[in-house]
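Got some structures for you, see below.
Here chain A shows up in two complexes: once beside chain B, once beside chain C.
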Partner chain A sequence: MDYSVALQIFFSGLNLGSIYTALGLGFFVVYSVTRVLNLAQGEFVMLGGMLTVSFYTMGIPLVPSILLAVVITALAGAGLYRFIIYPARKSSDVTKVFLTLGFAFVIEGIALRVWGWEFRSLPAFFNTPSIQLWEATIFGQTPWVIGVTLLMVVGLFLFFGRTIQGKALRACANEPLGARMMGISIERMALFSFTMAAGLGAVVGTLITPLTMTSYSMGLPLTAKGVLAAFVGGITRAEGVILGGLIFGMIEAITAGLIPGGYHSVIAPAILVLIFLFRCRGILVIAGRG
Partner chain B sequence: MTKRLVFILTVAVIVIGGLVSCKGAEPVTSYKIGTLVAQTGNYAGLGLQSLEGMQLIVDKINDGGGINGIPVELVVYDDKSEATEAALAAKKLIEVDRVHVLLTGTTTSLSMSIVPVGNEAEIPTVILTGTSLFDSELGYWVFRPAGAETDYIVTTLNYISQNLDISKYAILIENSGYGQGGKVFLPQVSPSYNMTIVEEQYFDPGATDLTPQLTNIKNSEAEAIYIWGSSPTAAMAIKQAREMGISLPIIVTPPQLDPRLLESFGQYYEMEPSVIAVTAKMDVWEQLPDSDPAKAICREFAELYTAQYGHPAAMWSVFGGQLIQFIEDGLKRSGADPANLEEARMKIRDAFETTTDLDLLVGAYTMSPEDHFGIIPEKTKMTMVTFKDGQVVLLP
Partner chain C sequence: MSPVIKAIKEIPKKVTSANWQHLVIGLFAILMLTIPLGAGTYPNTVMIDIGFYSIVTMGLILLMGFAGQISLGHAALFGCGAYASAILTTNYNLPPWPALFLAATITGAIAAIIGRLMFRLHGLILAGVTLALNLVFFYLVSSLVDLTGGAMGMMNIPPLSLGRFTSQDLLFNYYLLWIIAILLLVFSLNLANSRAGRALRALNTHAGGSEDAAQVLGVDIMKCKIWVFVLSAVYASIAGSIYAHYTRVIEPGTFMLQFSALVALMAIIGGRSSPWGAFLGAGLIVGIRQLLREFMPVLVGGLTGSYELIAYGIILVLALLFLPQGLVPIVQKVAPKKRAIVS
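Presenting the complex of A and B:
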């Protein structure tokens, strides 16, 4: 194999891997606190992208556009918890998961009414040009995707590991009763996790729009990919989500580059299924440490 | 008291129910065309265009007094860009709306899902697919007066071998029903133009990053890239190729001429050498020489369309219009009585099958029991175009 192909596959895998990692982190934040798989996460990504495009095309500069989009989407996340999940807090986790799915369809329907079916795009952030590196290409947006994903990862580690708020969040997941006895309000923490996940999702949405374009219907496919990435690595640990995202991205890039005849779209998911078979709780999750 | 209320309500339900069913028994006085197009979902862009074209011709027929004095009615359902939804809605059109003709006008997969429904329910069915792959599977009741890959391919290969002097090319094909057409027919037709496919790559609709595939093409001996797809990802492939510094001529198929894609990706379409596309003459009819007989047919439709909607007809509007014109011709010759549903369906089907040298917007058709596609290859209305200053430009 030509080394330029190998290099391009590597860059492509890194690009896709960062996207999937960033997607997966939103699921991780909600799941690790509430044990609810938030199937509306992809909709927050879509909202982030669509809102940024809307503000940007209204003439607002990029950074304020992104900030506005993130704040509005985070409020939507808070709304999902406060008005849908919180009233159903006594229900089983499965019920809550289906409530998030219902919310996803509602958001999709509203987005169709507001923005129509068209695909929308953004230029690469600050019109960063593509770079040619040893006969391989890195798109202008890719460094932004990788950089911001890295920032999100570091930020989350610091937050969960170093701050009282973060430790309180983890306590809710690991020991709900104990956390309550220590005076931590589980409901408040859950509200916080949904808000934060929606905000993170919106950031991902603005990041990927210059690469993938965005439309009202892209939420659920993104949810599917994000959930896969998070579960392959192990959704209960941030390291698992990062590893899962990177593996998923690399597998997609390698199969797209090397498998002839268009079979890559069959083989990439098949590999993920195999990983599930052998490590059904995620690569990083060892029995007893889930 | 409660018992009395229940009694009154029961009587009311029975009476209203009776009135509603009486209404259903009124004699049918129009030809009903049950139509399925994507109004939401991934293919809504194409479906909505198609519907505009259909409605235009239906209005024109009715303004002119209908077909043999009988008006035409379009009964429309949204198939939501999903094959299952299309099949379900088709059943509803046949059984509840009791339509005379079933029509789909969006994509191959959505059309193919109603082929078994049409044949089983014994209703004349007109579908739109961009591929000849399934022409042998249409059955007794289904007709496909549309375009075909061989039309595109012959026109394209003829142009690039003659005008660009290219003999080796790469194909970048979408993993979809639409893509299958290119996958099957390009290798079949290429040898007769002394052309060789030296690299074969595939992408999923909705994919994010096509750089691995494009690098393989870049490293091959290809002198041009033929991108065959119907999703916006195919337009994104052009952008990524140009950003990677690939300066080979790129050829695309008609869905990539969607004005909304041109708006988003125009700058990449126009990068030297600007993208070449194969499309129907309808798209550039104003630029056709007056000697081209297609010009008059196209002009009539285009002017009617712009007058009605205030914007020019897109490719799928033309397909939609053409499908109704095909149905119009059949209805005219069938002499079917719309009130006698079963007999009408049979007569209309027979009329469709005896369509002879019908010159429409995209091509000319002669149907027969063996051929429910029926295109006349010598009368193809495809041409090559390129892009300049935000415009689609006819290539000589």
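Presenting the complex of A and C:
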């Protein structure tokens, strides 16, 4: 294989891998604390992208637009927990999953009402021009995607590992009863995790809008991809989600680079589903660390 | 006492649970088969829609209500039937009827293979995998351009025909669909009361069953789950095949996650404890959709699709919060015997 092609595939894989990792982390944050598979996560991503585009086209500069979008989406996440999941906190996990699905429908409907069915896009952040790196051409948005995802990952690790709030969240995830006995409000932690996941989702939404355009109906497909990325590496551990996301992105980039036609979009998720079906506890288990 | 009087006196005794069920099915069948005679084109089209959703939802109810397994990917099975029928009839010139049966066989076989791998998983993880499988199916039919026409879809699918009637005729479609729906209903109800059905209900952890207990009692749980999944896939496939021959044009977008989510919503709102829930759920949701399409453009304007989505979401949330067993138990209360409608 040509050296430049390989490099191109590598960067494209890193880009996609970052996106899938960031998508998967949203599921991880909610799932690890509350054991809820949040089917509205993709809608938060869509909402983040759409809101940023709206604010940006209103003439608000990029950074405040993104911040506004993230705050509004995070509030939507808090609303999902407070008004829909919290009243049903005693019911089964399956009920909660379908509650998030109901919320996803509502968000999608509102988005369709507000923005219509058109696809929207943004220029690369701060109009970053494409970069020539050795023989490969990198789209201006790619460094932003990789950089912000990296920040997100480092931030999450610091948060979960170093801060009291993060440790309390982990306590709820590992031992809810014990956490309650230590005076941690599980409901408050759950509210926090939903808010945080929605905010993270919104950041992903703004990151991908310059790459893949955003429309009201892309929430559920994004949910499916994020779930896949999170599951395949093992949703119970952040390392698993990161690994899963990167593998997803790399496989997609490699198949896109080597196989002509639209087959890459089917091959990558198909391989991931197969990996998952044969190793149901995630890739980290293969590596012997699960 | 003459035998005739004796027989008349015994009628109330004989109308017990099983008979009630037969009576209700009979009345339902008569009702459904007489509706189109009085109704115009528009109600019949809506009823055909309800028929499609009902059949797919019934399959999902078997899976969710009896085996306690969640699927968020039933659109893929529906699409599998539709695409198999379309490909067999247009690319391979097979007549529609054998194509329908072959499509159901193919979909069932695929379901068996996937089920064998998938049912090692449980609960939410399984739901996530079915969601991903639906995505894979969508991309698969979108990318196999030579076989499926890709994103453009397939056109000129031949209609189903019986004698001089073809499925281009609305009434023929109506009867075909609803006769099949009622036959599947009878089959589902019988299944629920059979040994296999009881074994399946024993698996449903959401309804107080226990997989471990079932296994101890000698139920091969893996086999049971696979069989009910195959059955569920065959229901969806039959509906898909009829859909392909009815619309004669199919495109990948129809079989995306939104459809799966909608079918799951119908199953929950209708009620997962009985196949009747399929008709209640599909009827209610399609009914509300039609009402919104009628009135919302007049009242507020804008894209009606948005109000439909919002309404679906609100109904699903309200149903889960206040009516977790769906509409079936309400209808059950109206019925005289406890086991009258429900298995």
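The rule is simple: the second predicted complex is superposed on the first by the 278 of 290 C-alpha atoms of A that agree within 3 Å, B and C clash if a C-alpha of one lies under 4 Å from a C-alpha of the other, contacts with A are read in each partner's own complex, and residues count from 1 in each chain.
Here is the rule we use: contacts are C-beta pairs under 8 Å (C-beta built on N, C-alpha and C of every residue); 3 or more make two chains touch, one makes a residue touch a chain.
Note that the structure is a prediction, hence the values are computed from the model and not measured.
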item: First, second, both or neither for A:Gly262, with chain B first and chain C second; value: both
item: Chain B versus chain C as contact partner of A:Leu277, first or second or both or neither; value: second
item: Contacts of A:Pro221 with chain B and chain C, given as first, second, both or neither; value: both
item: Which of chain B and chain C A:Leu112 touches, first, second, both or neither; value: both
item: Partner chain(s) touched by A:Val94 [first = chain B, second = chain C, both, neither]; value: second
item: First (chain B), second (chain C), both or neither touched by A:Leu37; value: second
item: Comparison of chain B and chain C by chain A residues contacted; value: C
item: First, second, both or neither for A:Phe103, with chain B first and chain C second; value: second
item: First, second, both or neither for A:Val5, with chain B first and chain C second; value: first
item: Shared chain A contacts, counted only where both chain B and chain C touch the same residue; value: 112, 117, 217, 221, 261-262, 265
item: Contact footprint of chain A on chain B as seen in their complex; value: 40-42, 44-45, 173, 175, 179, 183, 200, 202-204, 206-213, 215-216, 218-219, 232, 236, 240, 243-245, 260, 264
item: Residue ranges of chain A touching chain B (in the complex, touch as defined); value: 2, 4-5, 8-9, 11-12, 15-16, 19, 112, 117-121, 130, 132, 136-137, 139-140, 208, 211-213, 217-218, 221, 253-254, 256-258, 260-262, 264-265
item: Residues of chain A that touch chain C when the two form their complex; value: 35, 37, 39, 84, 87-88, 91-95, 97-99, 101-113, 116-117, 217, 220-221, 223-225, 227-228, 231, 261-263, 265-266, 269-270, 272-273, 276-278, 280
item: Residues of chain C defined as touching chain A within the complex; value: 70, 72, 117-118, 120-121, 123-125, 127-129, 131-136, 139-140, 142-143, 145, 150, 206, 256-258, 261, 264-265, 268, 302-303, 305-317, 320-321, 324
